[in-house]
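What follows is a pair of complexes built around chain A, which joins chain B in one and chain C in the other.
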Partner chain A sequence: MSDPKKETMDQGRRRFLGAGAAAAATIAPGVTLMQVASAKPDDQPVSDKNRWGLLIDTTKCASGCDACVQACNEEFNLQPQHGPRTDPHWIRKVEVRDTATGRTFSLPMMCQHCENPPCADVCPTGASFRRDDGIVLVDRHICIGCRYCMMACPYKARSFVHEEIPEEDKNVNAPRGKGCVEACTLCVHRVDKGRQPACVEACNGDGHKAMIFGDLKDPGSEISRELKKYPSTQIRADLRLNPGVFYKGI
Partner chain B sequence: MKKVRYTSIDGRGGFYALLGVLGLFILAGLGAAYYMEHNGHWVTGMDNQTVWGLPHVFAVFLIVAASGALNVASIGTVFGKAPYKPLARLSAVLAVALLVGGLVVLLLDLGRPDRLIVAMTYYNFKSIFAWNIILYTGFMGFVAIYLWTMMDRTVRKYYKLAGFTAFIWRLILTTGTGSIFGFLVGRQGYDAAIMAPMFVVMSFSFGLAIFLLVLMAAYDWTGRPLGEALLMRLKNLLGVFVAGALYFVIVFHLTNLYATEHHDWEKFILMGESVHTKVFWLGQVLLGSLVPLGILYSKAGRSRAWIAVASALVILGGFATMWVTIIGGQSFPLVLFPGMEVVSSGYFDDVAYHTYSPSFPELVLGLGGVAVALIAVVVAVKVLNLLPSSLADADVDPHHKG
Partner chain C sequence: MKYAQFLLACITVALLGSATAFAAAPVPHIPEPEGAEKCVEPEDVMRRQHFEFIKHQRDETMRRGIRTSKYSFKECINCHVVKDEAGRAVSIEDDRHFCNACHSYAAVTVDCFQCHKSTPAEPKMGSLEQPERSLAGLIERLETVSGARR
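Showing the complex of A and B:
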């Protein structure tokens, strides 16, 4: 996509910052160095020392497979109610064809956890916000349901809860409620416990291994190493929102 | 010029009948809002692709028209045009009434209207929406003060200042309303700086059209004289505004055509097969602009009935404009992969455009908002001395040669 220069600069800067922090850590003797684990241990506070992200390899993502979508629906108990137009969609599969070459590829789309999220910029109450570690969330207790964030999101990543969620369908992993807007939380409830998002786990479990989750600010993490080695891009990188979700093979 | 005498209307049977009809519309609107909130928004035509529907068409129209309705007063106060001064009180009241009507619709369409307090207490100052809440509240306050300086001799010395403040504020307000759309970077139809000034000019035209209708109705129904020359002035002004708005629409689309990335969007609106293309050409351009211009600048423009028709058409065109902007803008799918084609999608990324058919309750809620605005005006002219007893030309224009 356009403006690759800007992207590499941003990535470079991120790596540089990450490396700087790591170097500082090594100066203190006897201290264990960088964390190579891909998620945050539960006892650490949310901090901007991490930026959680995803790398999706479209060459590995299988057309017709929707293990990630199913896993997400299960994790949050997203039940179909009155039809696909109003049902919640936190993640979806998209099949794309490059009109110039005829090559097709498949990929999952979800909230891209933008560094400069327009959804949060426009939200009148501040219900949409970005955590220090880069995860974009909706505080469902101050969301007034104006849907301005849905107008602003370039990825159609958000769903408005169009109907009452039956008591038995309510789910502990994310508070949900009629009249509020919701979206992919990057499985923040798992990330905060040092686990991987449900979609990533499902993709790995299926043997496709098309998704890598990890800390973009940790130069030693698998995701950072992959990003450094292979070309990747962000969807609509030209909008300069710097999403935390990267794609390979677009 | 004689001294203008303002008197309240002495509402008889007709007045109460009008109140009753408007009241019914308001009740129906509240019922519709309750029905939609109670069931959830799935009972409306709105969905996750078209998140703003007919209620927003009504709400934004009313809010835009509100600031325009204040124009008549501003021309009198800020630009010192004497013939407009007697109209200033009605103009100010109409402005506030339309704004309230629009905001009611906007509020009742929220997913959680019960969280009004949250909306008033949690502010994200980066959000243009939050700014708009401040702009709307301020508008009501400043216009109320302005009205006060018109009606109370003891504060008369602040009249100019108040009028000027209200005028500046209304310009910022409409810019703010237009900016709600101008900031949506991912949407092809909105991402244009011209959006804000275009909204300002449109507000002149919609606001004046409503003002003209209300003025003519009020004077006709109460049997008060309304001068020919004054009416001609107003209808000529309406013509200028309508032409101005049309000019902005042309520039908007021409500049879009100039930018390659907007070509598909322009094709979609200007020559697509969706309903929006028809609403644009027939509603916004032909019935909403060209026909009223034809009426206002031809012989027909001398007749009151035709002026009323032209005003009504401008209002109709205003709704068409809001439809094309709000619904049409969302109908065009987001461009996720420029230069590539989405073959299939689990979530409607592969459609040529999103469809939306408004549900009846949405329409009823919108009309309820219009009724709120009108009932406020009707009650105001009854309890306050807003309308000059006579607007006969000799009474209002010092230069009128009768």
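Showing the complex of A and C:
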């Protein structure tokens, strides 16, 4: 991935074909691109043959940049306007300082899409659940807004909708309403169509390329190849939740 | 004779009365859909069972990622559009909205639109206002960055 030309080409294809394209890109042009794992037919259910994840390279993530946060806000029409206590935050930038060395760096933090999600364990209604492909969601149709999941999540990844959403602010990608808990959906509406999450697209578009999205179960995917080659960390790995989000350089 | 006359008068009044009441009874006016020739199911089936279809599809989409369009709520909204004088699709807050036609007639509250958009999605939402709002969000968010939440 050191050749910038190749990277741009790959990126273009990825955008066109979706996440599974990394595997497909190695195939000669013209050869059955329909094998791309992520281009799931609309009538097929998701399966545990995939596990979607993110790899975030904190050495590439620029301090002060919040392209990913902005992209998320735009994708879901989130309107941060009343301050941090009540604003929705599906993804936030965290500035970190190593107290031993003084090194500072920044990283985006969102729902880690845990394999063993405590949010789902504590949910009394079954609204919090993990899809077969590893994406953790809130089914707002049955969420009662008790906020147990918010307390259970070690990553503070969830927020609560405090106010009614006016008609003009409603979005079709993830309908949201007062009284429900919400969090990063890993852009499930895009993933199901073989596209990349909005944050990843924005980070790549900005040229930082700090985020890679892909299938952790596909050994040929870019994310799996990177994870195999370089050291990476899951935040609070000691909790054994096996998050789907990996970080490099922390 | 007097009695017979009285009876006749009574019947006439009653008949007239009910006839007027009948004529004045409001009948829901169901707007024609915009997008397609016909609905995904026959009208009588839809009238009774539309919610079963939508709810079934809701769980299929939410839980299993099935995104077929036949019973998709989004598609209902895209097709059953009612426009106002200015040619804009009216929202659920407007009496003329497709769902309101029957739901207000039958006095059944629709909860869907607490979250769902009641008009078709525009290709791009809030083009002018967006960046400024987002910028405010950026500044607020930066304050929270170093401190822990809550």
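Brief remarks follow.
Simple rule for what comes next: the second predicted complex is superposed on the first by the 205 of 250 C-alpha atoms of A that agree within 3 Å, B and C clash if a C-alpha of one lies under 4 Å from a C-alpha of the other, contacts with A are read in each partner's own complex, and residues count from 1 in each chain.
Heads up, the rule we're going with is that a contact is a pair of C-beta atoms (placed from the backbone, for glycine too) under 8 Å apart; a residue touches a chain by one contact, two chains touch by 3 or more.
Small disclaimer: the values here were computed from a predicted structure and weren't measured.
Looking at the shared chain after the overlay, A:Q81 reaches both chain B and chain C. Of the two partner chains placed around the shared chain by superposition, chain B is the only one that A:L239 touches, whereas chain C remains out of contact. In the superposed model, A:Q70 makes contact with chain C only, not with chain B.
Residue contacts after overlaying the shared chain place A:R176 against chain C, while chain B stays out of touching range. When the two structures are aligned on the shared chain, A:D48 is found in touch with neither chain B nor chain C.
After overlaying the two complexes on the shared chain, residue contacts for A:R92 are found with chain B and with chain C alike.
Chain A uses residues 66, 69, 81, 83-85, 89, 92-95, 156, 164, 178, 180 to touch chain B in one structure and chain C in the other. Against chain B, in their complex, chain A makes its touches with residues 1-2, 66, 69, 81-86, 89, 92-100, 104, 109, 118, 120-127, 142-148, 150-156, 158-164, 178-181, 235-236, 238-239, 250. By the touch rule above, chain B contacts chain A in their complex via residues 37, 39-42, 47-49, 51-52, 110-113, 115-116, 118-119, 122-124, 126-130, 133, 180, 183-187, 330, 334-350. Chain A meets chain C in the complex at residues 40, 42-46, 66, 69-70, 73-74, 77, 79-81, 83-85, 87, 89, 92-95, 106, 129, 131-133, 137, 139-141, 156, 164-165, 167-172, 175-178, 180, 188, 192-193. On the chain C side of its complex with chain A, the touching residues are 58, 60, 62-69, 74, 91-93, 113-119, 121, 125-126, 130, 133-134, 136-138, 140-146, 148-150.
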